[in-house]
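The structure follows.
We just call them A, B, C and D in the order they show up, numbering each chain from 1.
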């Protein structure tokens, strides 16, 4: 509309500075012991624009535990392999409940509401595992993320995975519950093993923004020009991120930020400005709904200053 | 991206023809007796593009009961008057429940989840009523809709309002429940009286698409050039429509159509392609979630052919 | 078993003394303004044994608002008139929820779980009202209570009834909700009018213990020798009191007191030792579940000292 | 009251004959594969009166899987060892939900409502296990049952235990869920191992009625004269059986039978007429709430003919 396009590098570095200066940081997730030790003062932001240019600020090269952001990659992988049959195992409606709620599963006969709450993500991982050994399934997930990010150094933090395996009783409850309804195919402990490891993938903001480029580019990986997933499926993954990507804070995120995104309890948030940018932000302190406190604030500022909201100029 | 822009008039008339030919039409809402009599074979579609051009198809000039679509107009009116204080009375998260569920109200102390489920809309109407007589409040709502649509002929179908008043026990339950928590200020019967009448506003697709233009134009009414609401608020209303506009079918609508929208049990759906178009569709038969069956299918086709999804090309 | 039978008069007067000395009294119900003014220091106890002897202690002659204890009398009246058809309108299972919960109604299509939660009692009153004017229905309830107690002076506290009518939004929500499912036959405001008045019947412990004698005597009114209700139905009313008579504190009451009973938010509790005694206790302060705090403690002491638990010597 | 006492032997044999003649038998539990194979036409009834006389009818000597009836014995054992501290881990209110519901656990922070739903019984078993090896804990439970029944031949059906271990995902969900809230102390798989084995104890009606005598005799084992548990605790176990012993059919059982009782999905029901008799009935077909269909009908007939209801003559 003839308005001056703001300079992305400048905006990113301003936001990184502003976030560094803030003292409200939320609380680091405590229920995974290994994550509780992370230094809460860190903040990173990375944006890859439509032309492939990267703008970074703060601790954008420090790897963190992507946790639930991994659900975006496993959903993409499973949709590529199973197509719309995937939706027989998992819905695509917001849950109106916290990330680890089991109430909805009882009401809906073990079928999770969407692939971004824990139960739904476990069901997606179970699909990926079917017909494979856990090691193979995990290898496939990791290879896929490395391919998307064009970075072979991405790896799994075994200490985090082990920490989660020791303490993940709530996820074990969800998995056993779905198993009792026949929603999972594989032995519960194998599915959970893969799930805990995919959540323990460690990536920096830079790597994460790189890995998510295909969702800003109609499903194409700009590094290789390969179509990762059909354009329609890419749009639909963005739609599910918008409505379900932040648990019971999804409405708030849409309202404030106006971009599809997915958060993780490690403090990362991945977001997409369709056609414009792939974005990753990281700050370990969480808000009451379990989403990165400063991460959301930074994305709100970025979306506003760059005029990227999908809901209008 | 250099692709040929499809001709809107052609697309609209094709879709109207396709919808007329379909035999799957859903079921007309039966719980409001007056609505149950509507002829289910009707279909209308109207689109106003960014330049103000109208494309219409089918029964686009026949008025129908807008029902819950009125919630978009009352939310706009109340946000204009109360600003963000409105959000003390109502949340903005998807509910994960049917439109008339009361369970969530018990869990959350009488505060409705969002302004687009019945409880939330009643709370918004109660705010508009405060300090006024019901007749004045209703007059204000009607005047606002007429102003937005630039059409003084829009009116209320008193038979529908009376029918709802006689049978609206579920809404009376929601209102009394909120009243017991102090969420409503006015006498329950007065608030409900205004609410039932606002739902009974009758508009054609053409009038509805006209009335909604401001949400496609950053809050501005193109007829008058007046700023109806701040650009940021317009974006945010679109965001709430996207996450909450179709009750427990909101995720599905976002997934398939990719546009913010609001449905009504009269069979209408209003949708916005931000920056591009204001859209209204009408077909009285509903799907299981209470949203227009053909309306949703028509919008999915329109969004796809015009490449309007907010989630990517 | 050859044990010495304790002296009832002595036990009753000891318990009244002990209760007078206690300082923990719970909190007087505040949500009905008129009840909130009652002096919390009062305590009354009355027991009528199988031979018709009365033992009284404390403020046993001061009338109080019987509130939900009235549900025992309306259930008896409706069972007498409709027989087992009554159970099509209301269940007889504990609810696992507070007295005024609406969640269960949504899950079970408007059919209340039992006749002793508010929703269930309103449904029973609606049955009694059917085919009558509210004044007649209310007259019938009052006459029935007077007949049972053999006392024509029992009356309704109009100030309490009016107070409840002005503030009973939660009950109005329950009634409208049931009406929306067709569970109520009469206009909601008429059914609620009768209900609020039956709850406002004022009785002393002495009068209440007299009125309840038939439930200790296999359904017979000892004053007149008339069979009020069949013996099997009397047993069954006792059974429903045991499992459902204290809302979400019913298990606790059974565990501690071991007698069928029904509490009211006015601080009264009516209890039955089948074959042995009809009991009424009153202390206005309530516990967290909405039952009289000292009332329950007094009944626990009485049941223990008199060896009256129905669960064994 | 001077009425003729009916002959117990005659009543028991009449009821056995009547039940044999009935064709409505409910459906055998199918979710534990090993139980699904049981012959549905079997029926047994055994009553031990206050003087120790046994009256038996039908298949009263055929062992069946006692399943949830074991919860009565583990509750007794744990109360004996931990006293009222046990109630910190588990409540004593009816749940208003099916036997394997997990919804309540989420609402109440992992603390099960009562010791007779699955979650509560698993929590009780976890207490018994604490400080022991699973083999020891299981040995203690089995020894206790043998001691109560005065019968060393009672044993565990390993095929049933193994069947349950392979398919008990719902119980694994409950256990992991409680573990996530810290309600269980031991490793989930060990607690579940003991639990599945205690449920697989096989007993005949005769053995079961013998084992339960202490609950009819104020906590005393008549064989040995030993006080198994204090009289007050025996009464209270009876109270919890009355309010919670039949899952979401507890109200119905109290209403129809009028005796404390505990059912199991193997088709057994144990019941107590305090001071009068210990009763066991068995018929494998279940009703909708998961309780023995003919078992309940037989107990209703027995209670009525013997005039044993605790709710009045």
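By our rule, a contact is a pair of C-beta atoms (placed from the backbone, for glycine too) under 8 Å apart; a residue touches a chain by one contact, two chains touch by 3 or more.
What you see is a predicted model; the values in this text were computed from it and never measured.
**Student:** Which chain pair shares more contacting C-beta pairs: A-B, or B-C?
**Tutor:** Between the two chain pairs, A-B has more contacting C-beta pairs.
**Student:** Chain A to chain B: how many Å between their CA centres?
**Tutor:** Spacing between the chain centres: roughly 32 Å.
**Student:** Roughly how far is chain B from chain C, going centre to centre by Cα mean, in whole Å?
**Tutor:** Centre separation, chain B to chain C: 48 Å.
**Student:** In chain D, what residues contact two or more other chains?
**Tutor:** Residues of chain D never touch two or more of the other chains.
**Student:** Which chains touch which?
**Tutor:** Touching chain pairs, listed by label, are A-B, A-D, B-C, C-D.
**Student:** Using the touch definition from the top, list the residues of chain C that touch chain D in their complex.
**Tutor:** The touching residues are 91-97, 104, 113-114, 215-216, 218, 231, 234-236, 238-240, 242-244, 248-252, 254-255, 258, 260, 272, 274-275, 309-313.
**Student:** If you look only at chain B, which of its residues touch chain C in the complex?
**Tutor:** The touching residues are 101-103, 105-107, 169-170, 172-177, 179-180, 188.
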